[in-house]
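Letters are used for the chains, namely A, B, C and D, taken in the order the chains are written, and counting of residues starts over at 1 for each.
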Amino acid sequence: MSFQVKYFGMLAEIAGLSDEVWNAAGGLTVGQFREQILDKYPAMREKKFKIAVNQRISEDFLLIETPAEIALLPPFAGG
Amino acid sequence: MSFQVKYFGMLAEIAGLSDEVWNAAGGLTVGQFREQILDKYPAMREKKFKIAVNQRISEDFLLIETPAEIALLPPFAGG
Amino acid sequence: MEKAHKPKKVFIQGPISPDFVAKSIASHQSKTGIGAHAIFLGQIRADQKEGGPVTGIDYTAYEEMAEQAFYDIREAAFAKFELTCMHIYHSLGLVPTGEISLFVFVSSPHRRAAFEASEYIVEEIKANVPIFGKELIGEAGQHVWKENK
Amino acid sequence: MEKAHKPKKVFIQGPISPDFVAKSIASHQSKTGIGAHAIFLGQIRADQKEGGPVTGIDYTAYEEMAEQAFYDIREAAFAKFELTCMHIYHSLGLVPTGEISLFVFVSSPHRRAAFEASEYIVEEIKANVPIFGKELIGEAGQHVWKENK
């Protein structure tokens, strides 16, 4: 399966890009995706972030169903 | 004794003037002054108002000491 | 926060214009410790009364006592809340329906103090400042005296 | 109060000007049911950091999700409070120190709803809208990522 991943703020800085296509073998929960992200970008381990699936903040147990737009959201700073 | 009396808002309307000099025989508390006012302007009996002595809202037991500026204040409407 | 603040001119003849509000905001952009402004504006409503709609309010005040009351509210607000700036303006004379008669402007490093002070100041003004309002009704020259709740 | 309100444009490129605030106020003077406006403005502070003072914040957002979050906040506020009007504007891109990045404007017949809605909306924005802020520090091109508390 493959889906779109977007990075924002300090996470885009760490990734060095603002979006990419993620390829995974078989089904993936949000929690499993998080582990893969942290393996690819170890500097994100020190950062707090939430994962949005199709623009909704998601829990780790949720199974990602394609097509999906996944976003890594650092702490909000609006206002 | 005599002192200045100021009327505001609907009370100035009832009195037909915005200030006058009040002459009283001897000492007077705020409560006694209120009775004299209501005798002179009976239409004020139906109105709520506070009495300020030298720009401070006063209790009825307070003795008026001259020189004094007394004001009759209808309900506030600022804002 | 115990220092006394200079009394400021509060009363303005007639309505308070949106441009006046804009100028007040602009004059605070050099105060770079400010993070939050809270502004309250009181606008004259066209309430329906016997005899027609309110067309405006004619404000009068016991001015010397009112100035003192505004000063006391300012001092109390500066003592209670962490404020950088505070401005209060109130109309005297005629303010037509739809126009602004009260402008309370507080600025603070942080939003909580700004929110709390704004509300505090408005409630204090409504309760404790000797300002009187004659609501003008309809076309026939009727009026009703306004009373804060 | 159950009707849906049209999504409105929230994001503005760069700072929000005092004149823009004035125009928004002026455009509400024909709405004669309004008695109270509450306005909140967020201004960029020159906080002192290692490396120097903050000179500005560069805002980015997950725009599609943010627009939806603003819409949800609007709907919730209209349902919770007796509001006549509500406008929210937030900057994207660079906002220098001393300038305004957030403008929340609520109008109601009565002050209580305006106060409560203003505070509610600001807290919701800070907590739930995916906006990110890069605080630019000093002269040397350093930066720190801002985090709401």
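Criterion: contacts are C-beta pairs under 8 Å (C-beta built on N, C-alpha and C of every residue); 3 or more make two chains touch, one makes a residue touch a chain.
Bear in mind the structure is a predicted one, so any value in this text is a computation, not a measurement.
Taking each chain's centre as the mean of its C-alpha atoms, the one that lies farthest from the centre of subunit D is B. One inter-chain figure worth recording: subunit B and subunit C are separated by 27 Å, centre to centre, where each centre is the mean of the chain's CA atoms. The geometric centre of subunit B is 49 Å away from that of subunit D, both derived from CA atoms.
Here the spacing of subunit A and subunit B, counted between their Cα centres, is 73 Å. Taken residue by residue, subunit C touches two or more other chains at 42, 111, 122, whereas all remaining positions touch fewer. Among the residues of subunit B, those touching two or more other chains are numbered 79.
Pairwise, the chains that make contact are A-D, B-C, C-D. Touching subunit A in their complex are the following residues of subunit D: 42, 57, 59-62, 64-66, 68, 90, 101-102, 122, 125-134, 145-148. Residues 6, 8-10, 52, 55, 71, 73-79 of subunit B are the ones that touch subunit C when the two sit in their complex. Touching subunit C in their complex are the following residues of subunit D: 18-19, 21-23, 25-26, 28-46, 53, 97-100, 107, 109, 111, 114-115, 118-119, 122.
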